[in-house]
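Naming follows writing order (A, B, C, D and E), and every chain is counted from residue 1.
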Amino acid sequence: MQKSWRHRFHLPAVIGTIPMILVAVGVFVIGIGFSVLWSFTSSKLFPTYDFVGLAQYRRLWADNRWLVSVNNIWFFGLMSITCNMVFGYLLAVFMDQRIRQEDLFRSIFLYPFAMSLIVTGLVWQWVLDPNLGLQAALRNWGWSSFSFAPLVDADTALYALVFAGIWQGSGVAMAILLAGLRGVDEEIWKAARVDGIPTWRTHLSIVAPMMKGAFATAFVLQCVSVVRVYDLVIAMTGGGPGIATSMPAVYVIQLITVRQNVGQGMAAATMMLLPVLVVLAFGGILTWRRNRQREAGA
Amino acid sequence: MTAGQITEIQPAQQAPNQAGVAPFGPKPRRISAGRIGIYAFLIVAALFFLIPVYIMIVTSLKGMPEIRLGHLFNLPGEPTFQPWADAWLHACTGRDCFGLSPGFYNSVKITLPSVAISIICASINGYALTFWPYKGANLLFGLLVFGAFVPYQVVIYPLIIGLSSVGLFASLPGIIIVHTIFGMPILTLLFRNFYAAIPVELFKAARVDGAGFWRIFFYIMLPMSVPITVVAVILQVTGIWNDFLFGIVFAGRSNWPMTVQLNNIVNTTTGVREYNVNMAATILTAAVPLLIYFISGRWFVRGIAAGAVKG
Amino acid sequence: TDLEVIHWWTSKGESAAVSQFAKAFDNDGHGDKWVDSAIALGETARSTVMQRVLGGDPPGAAQFNPGRQYEELISGGKLLDLTDIATAGKWDEVIRPKAIGSACLVDGHWWCVPVNIHSNYWAWYSKPVFEKAGVPEPKSLADFIAAAPKIKEAGLIPFAIGGDGNGWQIQLLFQDMVTEALGVAKRDEMYTKKSAEIAGGPEMKGVFTQLRALKQFTDNGYANRNWNDTTNLVITGKAGLQVMGDWARGEFAAAGMTGVKDFGCMIGLNEAKPVVSTDGDIIVFFKQGNADVEAAQKRLAALLISPEVQVAFNNAKGSMPVRGDVDMSTADPCMQKSLKAVEDPSNVVTATNWFITENTTQQINELVGQFFADDSVTADDATAKFATIIGNSD
Amino acid sequence: MAQNGTSVSIQDLSLSFGVVTVLQTLNLDVAEGEFIVLLGPSGCGKSTLLNCIAGLLDVSEGSIFIKGKNVTWEEPKDRGIGMVFQSYALYPQMTVEKNLSFGLRVAGTPKDEIAKRIARAAEILQIEPLLQRKPAALSGGQRQRVAIGRALVRDVDVFLFDEPLSNLDAKLRAELRVEIKLLHRRLQNTMIYVTHDQIEAMTLADRIAVMKGGVIQQLDAPQTIYNRPVNRFVAGFLGSPAMNFIDGQTEAGASAAFKTGNVSIPLDRYAFDTAGNSSGPCVFGIRPEHVAFGEAANAMPFAIDAAVEIVEPMGSDTLVWTKLGGQNFSFRVEAEKTLRNGEPIRIGFDPARASLFDSQSGNRM
Amino acid sequence: MAQNGTSVSIQDLSLSFGVVTVLQTLNLDVAEGEFIVLLGPSGCGKSTLLNCIAGLLDVSEGSIFIKGKNVTWEEPKDRGIGMVFQSYALYPQMTVEKNLSFGLRVAGTPKDEIAKRIARAAEILQIEPLLQRKPAALSGGQRQRVAIGRALVRDVDVFLFDEPLSNLDAKLRAELRVEIKLLHRRLQNTMIYVTHDQIEAMTLADRIAVMKGGVIQQLDAPQTIYNRPVNRFVAGFLGSPAMNFIDGQTEAGASAAFKTGNVSIPLDRYAFDTAGNSSGPCVFGIRPEHVAFGEAANAMPFAIDAAVEIVEPMGSDTLVWTKLGGQNFSFRVEAEKTLRNGEPIRIGFDPARASLFDSQSGNRM
């Protein structure tokens, strides 16, 4: 019995994970704690500790730009995650057809992931620029009535962001889903063919539901990048035209660096954490309950 | 003689009016139509993905007057490599006009140790979490995963204060620590999933052989982690190489990475913009991650299959 | 002594100017060295500075815009007091107009060094365009708006503007228009008194109405265009007129064009009421807690404002020197216009960030940006909102 | 083609993946209602052949007839076949009922017709209580029945099974084997069944096709294959415990004999397949259960002394290892017999029950 | 504790994962040099028990002695055990030689000592030519030998095997079984061997511990367990084809009998375990190979008429299914016998060879 404790806290394991402990506790718990703390202060340029209660939150939610940002992130998130998944899945399906030059295609679909979002934003901004890009080029080639300038219009600029997001992110979705697709038992395909089920139907009703793991991974990755979407917006639209493409992350940075209102910036950042916290807690409870059930059932 | 041979004869005897039935040639149509569709889709998609590189390359070879004409997709009328030379050697950022080359070495200086250290940390984490879970380890892991969702900016302020209090702010070790911190959540997740798929028996066998925590890690697990390490390397190299925000804040003036210089060349508040130089500079900056990608893309997908799908 | 200076002068012309500072400092005979830290984009550079200060590792000196951006740095005791060398150099006498000096003179102490004056109050136009359209060259914004339809008929873009970087070109235009419409005195009153009455008055409504009109005369490619591409539209004769600060002159010069002959400049959007702004750049110095370094910092401060360095720097940069006792006879006609205007203090417009906080500025920017982008916001709405923002500003 | 009574006919079928030829001009005729088992080691092409019949693989050459119709290029669903897979390939997110009906629903069969067919299949397979469960909540045997049901509802002529029992434990395997046999008796469908388990093959098949390297080695009734294997491979593949093989030479002549070491086994009672007999290296094979021991050995045409090496009690009987001509040799005794290691014993057998194979070709002599 | 000659002694061992108790106050004594097989269905806790002995799992309660020393909280390497895993768990990136020497190198054994030990192990296992290969380049059987070698070089007292053969095909399994048996004979080490294959258990074990639900049901020599199972579970788990179970009642009295339907089997020859006999529902079990048929049946103490239902030829012999008292009943006949379905036959057996179990508790009566 005497060694039981040592077995439970195996010393080298604890030592080996000291970096993890430091990061998890030191950075993510304490750091975030401070950020939340500052959101209750009137910090301007530098963090201070004169507490003002919920004043910063009240100002935050009275700010039109924040409201627009929140709307935008939902729209952008839903659109880009759905599109990336669908497009990524399509690509994966086509890649899975024993095609020639698979390596080449895969490299092409994946390389945008290696490009920084700044570059992505700049290039697409340029392609979509009506005077220099696509529109000008097509008009120069004689299609003078051609009109395509999504970044100019407040109503369409967000779509352009989604579009660039797809360019950057669907390759990774493809890679993950392709791995998932290859993991599906080949006999399922055969069974479906024998049953006379059309291919698209097999994908929709049978295979896609079987790839939960791959979809979950892809989904989590996309969510991470959606929450953090900053570079892309800055490089492509700078939040404009007007405030049409402002996002919470952009908003937070603007508050901290330009508006020099750290308190309110931290309030906004805290608000950004909330949904993540809720989702994670929900997921945690789910797994915990599933474990409990499995233990009870065993 | 044998039964096997007898069966071979039978059908020949049974085969009826062979002349009457059309020879059952291959049934080719299903193949071609579908295949053409597949390739058409893939090629169109590939073109979509390639547009930006094409434009970057073409533009980087044009002169500014030609660019202003707006013939974005045209090949350069008078190709010139001047923009490339400018970008690498002459472009000014402030009063230094040495192009991107100095930043390149800084980026290497930052990226190599950051990648190595973050991967070592993450692999130890994943290993410990899988094979030596102590009480509370999974809670730590949960916090770490939560960290993956935290917008960087939220923790920048506390990090600045924390690092400066230990005297590492604005230094090479400082930026390396920061990259290690922010790489840890996803990498740990990857390694944990990967190790979870390794048979426990291997671990048990090593313990029976008398190996301890570190020896099992270095002699048994690490050599087996090549596929997932490749994924981690790719993720980290691209992430760290492309990073601008941390580099400018935490690296310190003398260690500014290439991206800071790229930013200086590409962006200016009141100065003149030279698109061709910008594009050349962009390509040069992206070259390292791209190269790594093209070299190890095949491994990337394989590693993802090993470490990500089971998520 | 090495001194790190953070600034956002990254383009070719700008870096030539900054080299003048560096050269002078490196050769001042004290073994000093200018360590150059250029970071593109003012916002990025400024936030880097702030983070460095927070991390306890501030640079020796940093570029700022005049205004309240560094107020908290002063109150936080982060900045080096330059009063002794300012007194020695008689800064309060040589720096003109007074406004630019007052940016650095807070509570009787000098906290920074102004290095140049940029005027935002300019409109640049293409003479060939107006010729082609058969309309006279404009003397005021109203003239231009009247002439614009003709230019449009001629198949050209009447008004050139760009929407990059959070729409700062539009903000600049807006502020120019506000000053033009209210006049310097009333404008200052609005901002200093936070007068919702003036801000909601008919002149402001006129400004918004004009702004909407200008929007109709621009092209749909404006969204992310940066200022020098916009200028290029005017240079190449594709567009008629651009409202932009005096740094645009560098672009015309680079294209081999000379004022009076190839392009026109309209001061203060109204030749009859010339105004210049005292926007420009200042340099702040951070306390280092090291006497040697602080001596070097003061040497640099004195150097920056010395007549020779001022001439060299501003000629390269295309801006006005901050002191009147230097010889600028080589300046071009447009510059001459502004040098003349700046002699009369009533023509000098103080930058908005001198009156209102960055937070309020951003709110105004957002309003204007949204108004410009979204045609469904009426001028009345916008005026009302503007009044609210001014009224509530802190 | 397809004279009456032929259900599946495969003619000169070849199939290659790239350069690898997996099936070589293979011919096979399956009679109406027959239960054919394809037996062979892993990788011999059994699944490939089955997939060709099902239409899941495109053949390189040759043709396939089902019920007299050339279906070589038909879609799987139009061939009148149903298939049961090793992993069962049930659709995991659908209930059993959905699994059964999915194919019918896609084909647009009327609702009440679907219900009727499911009811019938569920009754035959006794899975009525499971209809609302998901596959994950079923035991291996139940899953297997659902997989069969999926073929059943489609009312097919030919059932194809691809190692349907190999994922199960021994006990369940034995039970389901009986069930499949009974099902076949009830339905009287043609069944083609792939396995590499010889017990399954022996118990289920009307005829077994033993395959190796994409070629059918022998196609015959189970007992024929067991007792008169056409080559050494077939002889060794069937039977557990495995047949004893002794290397040696035949000696031709009036009284032919097999010689190994100092042992000589007379072959006058052996029925040669090959015309005449000749001297030369060959392999002598005899199954452990055909070896007599003790008293009984002396009654055999051939008997010899030996010593016990290892005794392996297997419950119902015991396998004893000894040496014959210096080579390992096993025989089966009743479980009751107790033998000690090293104990001298006498063993014997009837060479008429043996098999003789050419050393080179491995063919039966 | 630990009287002399006891190699491994497990006392009141309990283990739970969270709320699930996997092992319950388990006791087991293994003699020096004994070959113990832990046999039981999947999930019964065999591997868990083995891992406890190896020190790879922390026990909840109880203690473990090896060679008289309490090792309950020792590190695995200090227990004098070697372990062979189902998947072999060879270190994939090391050559065979490195695999063998890893444990020794960890322990800091001198180089020449390592070389000597490897040479010896390699010789015993005949893997000398493989020493420079990586595991991926080995066949299943070779891998298994390397895995054994890893324990061998460490010169351990106790060998632990966790289903070392279950990944292999039947043929190889049979061969390696013999090899392990020979190895044990040569080394005379204590061996604890986990399997769920009853043939392996029967052929290898000195004593078998049949486990179910974390409890040892019976610990005895193979033949005892086979012939006198202590409960219905053990009876059903051992034997292939499985024992026939017939539900019915005992009738107490001077001439006790077992009744089911209209069949009555006299039990006067049956040796009751339980004191006296009583009436009540019970299960009658008899193994298929203990049933005689045809002429021989009439010589048996009990005989009855029946009809053939299914014939399962299995090569070496044939399993025939019939009904007894309306319940399925199988018996084994020689392969030569040909029986048709429905054919009337006579079967008989000796009730002394039967087993009788209480219906409720399942215990032997």
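Keep in mind that, in the parts below, contacts are C-beta pairs under 8 Å (C-beta built on N, C-alpha and C of every residue); 3 or more make two chains touch, one makes a residue touch a chain.
Here's who's who by UniProt: A, B = Carbohydrate ABC transporter permease; D, E = ABC transporter ATP-binding protein.
Remember, predicted model here, so these are calculated numbers, not experimental data.
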| item | value |
| --- | --- |
| Contact clusters after notional removal of subunit E | one piece |
| Set of chains adjacent to subunit A and to subunit E | B, D |
| Comparison of A-B and A-C by number of C-beta pairs in contact, larger one | A-B |
| Where subunit C and subunit E are represented by their mean Cα positions, the distance between them in whole Å | 90 |
| Geometric centre distance via CA averages, subunit D-subunit B, whole Å | 50 |
| Interchain centroid distance [CA atoms averaged], subunit A/subunit D, Å | 54 |
| Residues within subunit C bordering two or more other chains | 44, 54, 165, 229 |
| Where subunit B touches two or more other chains at once, by residue number | 68, 157, 161, 263, 266 |
| Residues within subunit E bordering two or more other chains | none |
| Touching residues on subunit D, where the partner in the complex is subunit A | 51, 54-56, 75-78, 81-83, 85-94, 102-103, 106-107, 150-151, 154, 162 |
| Interfacial residue positions of subunit A with respect to subunit C in the complex | 44-47, 64-65, 125, 129-132, 149, 151-152, 154, 157, 236-244, 253-254, 256-261 |
| Residues of subunit C touching subunit B in the complex | 4, 7-15, 18-19, 22, 34-42, 44, 48, 51-52, 54-57, 59, 165, 226-229, 232, 236, 245, 247, 250-251, 254 |
| Sites on subunit B touched by subunit C in the complex | 68, 92-97, 156-157, 160-161, 163-164, 169-170, 248-249, 252-253, 260, 263-273 |
| Contact set on subunit E toward subunit D in their complex | 41-42, 169-171, 174, 177-178, 181-182, 196-199, 202-203, 222-223, 226, 238-242, 287-289, 310, 312-317, 319, 321, 332, 335 |
